[in-house]
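Just below is one structure, and these are the notes that go with it.
We call the chains A, B, C and D, going by the order they appear; numbering starts again at 1 in every chain.
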Amino acid sequence: MPRTISYSQAINEALTEEMERDERVVLMGEDVGRMGGIFGVTPGIYEKFGADRAIDTPISEMLIVGGAVGMAITGLRPVAELQFADFIFNAADETFSKMSKWRYMHGGQFTVPMVLRLPEGATGGGGAEHSQCPEAALLEHPGSHIVVASNPADAKGLLKAAIRDDNPVAFFEHKGLYAMKGEVPDGDHLVEIGKADIKRQGTDVTIVAWGKMVGLSLKAAEQLQKQGISAEVLDTRGLRPLDTEAIFASIEKTGRLIIAQEAPKSGGGASEIAAIVAEEALDLLEAPIIRVGAMDVPIPQNAMLEALVLPTSADIERAAISMLR
Amino acid sequence: MTDKDTRIAIYRTMYTAQAWELALMRLIDEGLAPPSYHPGRGSEGSEVGATLALRKSDYLLYDHRGMSHIIAKGTPLKALFGDFLGNSFGTTRGLGAGIVHVADPDNGVLGQSGTLGGSQLIAAGAALSSKIRKTDQVTMCFFGDGAANRGTFHEAANAAGAWKLPLIFVIQNNGWAVSTSTEQATGGRYVDRAHGYGFVGEWVDGADAFAVHDVAQRAVDRARRGEGATLIEVKTVRLTGHYAGDPQAYRTTDDKELAATQDPIVLARAKLIELGDLDEEGVTDLELEARAAVDVAAEEAKPGIQPTADRIDQYIYA
Amino acid sequence: MPRTISYSQAINEALTEEMERDERVVLMGEDVGRMGGIFGVTPGIYEKFGADRAIDTPISEMLIVGGAVGMAITGLRPVAELQFADFIFNAADETFSKMSKWRYMHGGQFTVPMVLRLPEGATGGGGAEHSQCPEAALLEHPGSHIVVASNPADAKGLLKAAIRDDNPVAFFEHKGLYAMKGEVPDGDHLVEIGKADIKRQGTDVTIVAWGKMVGLSLKAAEQLQKQGISAEVLDTRGLRPLDTEAIFASIEKTGRLIIAQEAPKSGGGASEIAAIVAEEALDLLEAPIIRVGAMDVPIPQNAMLEALVLPTSADIERAAISMLR
Amino acid sequence: MTDKDTRIAIYRTMYTAQAWELALMRLIDEGLAPPSYHPGRGSEGSEVGATLALRKSDYLLYDHRGMSHIIAKGTPLKALFGDFLGNSFGTTRGLGAGIVHVADPDNGVLGQSGTLGGSQLIAAGAALSSKIRKTDQVTMCFFGDGAANRGTFHEAANAAGAWKLPLIFVIQNNGWAVSTSTEQATGGRYVDRAHGYGFVGEWVDGADAFAVHDVAQRAVDRARRGEGATLIEVKTVRLTGHYAGDPQAYRTTDDKELAATQDPIVLARAKLIELGDLDEEGVTDLELEARAAVDVAAEEAKPGIQPTADRIDQYIYA
């Protein structure tokens, strides 16, 4: 029978179970070992698996990602962490051109079985360099999966699947969800990467979201229900592979599409999804698409201003209402 | 060797910085300032001793550990409280609230990169800039033992060596990068890295703020004479957790107790009296003055106005 | 009277004129000085302005961009070059979070008047790490302009404008255009940043493009003309600021939109523009939007395969025809 | 000190690499291979001398300068021609055509990062991997004086020192990074940088391939014994332009003429005869053999099949 645990505990279980199952799996990153991570996600792993498999690295983001690639092509299956997802830009060439393209560039002679854990998102006062959700940054760089977990069960099941996948996986964890509690199935719980999840059925409007925005979308959907608007909430569980069929099927029902992301409105996954729909499913649309995202500004350090910049469930609600007027 | 006035100035500034930090802690307790802060207790000797060797027109790239280098560079206490209160009195007039983004161009405080190491590159650029503009400005860049291991340091240090930049790297080695000890994460000694870039490396114990100042003054003089860069490794101690409230389970009691014996402020106070620069009464007067100034600044900063929505899209573009 | 010069010569003139006009302007990058650039774009500048203003840097991309930021906030106006636009990912934090956000993060106390020159594009055999057009990578990072020149006159006028602009400008130059010849007005030729240019009037379909794709779009438009299809070609001249009014006005005429980019179809500027149109101008569309871009694969080193991966004018042509059937 | 067989093997491999490169130039002239190539003439002493100290199971991260390290590691000549011809006989079976992306896992050739420096990090990861897997594999990573100034080196070297990795950095200092001289772009001496990371630095003249081998063998033995990393700075010469056909206007005739006197292949040949390892006839036979093997490989490689469109989306995902 399922247990109720936190999102961070779910990640910890996924890591522990996979490290027990396969000795090639090693955890690495800044403070992930002895301290158990600055967000308290990895306690106990160092104690259980030792310094060789729970590696506290120097503050060297290029080494963390580039080194993990070197480990992955020589027989290990590293799970590397960048302390904040923003730091993907401190190891961008390593993530986009080494992790994602090493296999292809060398004619398929290697696989790069690694997971890059990326704690993302704004949580009040982190500022422009510790609050981003840069999931879409990988889109123009084929060769890796882009996975985002919106709840504890997915966090565990998707991470376990990512660790077993022979492809590199950029695994985004929202810092604001670590404390979220939820039911997680017992046993060897795996969730297929790239398969969307309909979190709520609806007929009037489709809200596509991932990560923390899924919860806000569900909240908005409840409010909309009270106003007689039936919203369907689709969790993409990431951006690549993208379950376009599920998205199209939902729009076919509703005829209306809202895409909600925490990243700034411009340059994010919402733009990509909107473009795909405008290309492949335009005829299904009864109203213009609406992207709900953060304002196109660097996230202000001041938490009050940050709150004004971030997208809210009320924004999603307003978007839906505007569509149905 | 520092003269009496310099020693007194160093002590006053260190004590002021400590008082400022205590006052900030109260603001945090009162919920007026955000809790995310990296206390500077233990690094005042390094930050004040080194920074006071600079002129107003020189450039400072501070680090996230405490505020005493910024205070030493001359940024008003009230403005710093304003930054943490996130209000109109702050240097960023409320945009930043808390660590990281204090800036004060008039005093040569160029701001900070929230990603560690970013400031090393900007410091190299500032130093190159003053060289190209033929000013005699010196740039000083602070960072910790952890940030010293980012590749940014290598690119900045190599340029500093190749171009003989008027640049001083101050590595504050407090033995820890959050929970990771220097030994676990570092190959060799930081001070030895200078030689490989073709400039001077000096090691100094940050428990002795006056000794830090001597080393820094020599480095500043060399830089001003066009003799290039210096790397100063300062041994400091982290008297607190990484952030206020860090339980520090990863750290032994011995390590914490040993650190406690290395408080640069306590040691400087004793030295002042020992050297006869000030007597007990003189020191106490200085401390009362400093605390009073801090308290005034804190009170004056409180009524500042929090920024409103209209601020959000200001200053993205010029 | 206008002279006919090459795209690279136009850039050289822009640099020379601005460096003569303002001694704060300095050129820096790998091999830009003594050698005059590996693509031969900057000859003569070192000889004219000396080592202090034509700086040959070490192979240190983070220093090139981060250092330029330090120079820009201390009284200079650097024009920094990354030898290949792909290397923006070797200095991503510096470009996205320092160059673009330093001013905002510090409450507007600094301006960052710098230009980052980025030679982009595939030219036959450069491979996955020397052929990219990463213009869209900056979109989720507000604070800088994104400019792309499609011809000599624009290369000169836009670069001069970029150097005079107090904002940081990412200036993309297509390596495949350096030899392109074109008329350039005499005198102090400036082109406004963010203003689209209608390169060809048409009534049936709008082709939005920038950089090298503008030429391919014009070629396609000519072919289409023969088949009785009147295509309008709009050169955005970059991605930020984006002249959405001009784009909407054109779609209003034609009702059909093709967006052509050299970057992979996913995650590029075409997705952003498609999303904006699907949000703000959906009603103007008489047909689904079509994005023409490279295949979503790393650019193969083999020039033959590269050619198959890149978008062609024939692809644009086919797209237009498919829309009008 | 190298023994006779080793010296002969080094010479044969260097000569083979030179012959291979000459044959490639012919293919380029015939328009069968893309012109973008960075000739290795002048660095054979460094690349062969060092690589031959490795075992088949050891890892190699080569650089873009010539192919002699890859040839020394055992990748078949025919396969290398196939890579430049972009056909089915290449190690990537036609995907890569030209420089950069040769890979040969069976011989420990892990590929190359097209962005300079990327390989330094991957080498550190490979070395950490063999340490964790408790094999005795050694990783050798080649790069030039220019690439040595990327921040990636610092992060890789610091890790190599902190974790005592079985890793050997071979910096081929040919005095030039395209048109930029080492003096213009570099602070200090590369060999001196090792000490700052806590491992051994050795300098050797690449004109003497046998001396390079001695230094490399010591480093490999240390690494295998678990005694950590080594940085070897090899002084090499670039006997050609940066790329085939580079006019080198930026380079003085003196510099080019001086370089010409430092050809490691010429010097090794003389040494072999001087030491009596081979007589003139023996050397000539070896050279004829080597050239014949190269010509056979080139001819055999030509009929390979060029990849077709169906290849494009293969191997993006596993």
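The criterion applied here is as follows: contacts are C-beta pairs under 8 Å (C-beta built on N, C-alpha and C of every residue); 3 or more make two chains touch, one makes a residue touch a chain.
Please read all numbers here as calculations on a predicted model, not as lab measurements.
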Which of B-C and A-B has more C-beta pairs touching across its chains: B-C
Gap in Å, rounded to a whole number, between the CA centres of chain D and chain B: 45
Separation of chain A from chain C, taking each centre as the mean of its C-alpha atoms, in whole Å: 30
Separation of chain B from chain C, taking each centre as the mean of its C-alpha atoms, in whole Å: 41
Length of the line joining the C-alpha centres of chain A and chain B, rounded to whole Å: 36
Shared-contact residues (touching 2 or more other chains) in chain C: 57-58, 60, 62, 86-87, 89-90, 93, 97, 104-105, 127-129, 142-143, 297-298, 301
Multi-partner residues of chain D (each touching 2 or more other chains): 92, 94-96, 100-101, 113-115, 149-152, 154-155, 158-159, 162, 184-186, 316
Chain contact graph, described as a line, ring, star, complete graph or other shape: complete
Partner chain B, residues of chain C touching it in the complex: 26, 52-53, 57-58, 60, 62-63, 65-76, 78, 93-94, 97-98, 102-111, 113, 142-143, 165-167
Parts of chain B lying in touch with chain A, wherever the complex brings them together: 34, 36, 86, 92, 94-98, 100-101, 113-117, 146-147, 149-151, 177-180, 184-186, 249-250, 306-307, 309, 311-313, 316
Residues of chain A that touch chain C when the two form their complex: 86-87, 89-90, 92-93, 96-97, 100-101, 104-105, 127-129, 132, 134, 136-143, 263-264, 266-268, 270-272, 274-275, 277-280, 282-283, 285, 287-291, 296-298, 301
Contacting residues of chain D [partner chain B, same complex]: 149-155, 157-163, 183-190, 192-199
Footprint of chain B on chain A - complex, ascending: 30-31, 34-35, 38, 56-62, 86-87, 89-90, 124-130, 295, 297-298, 300-305, 308-309
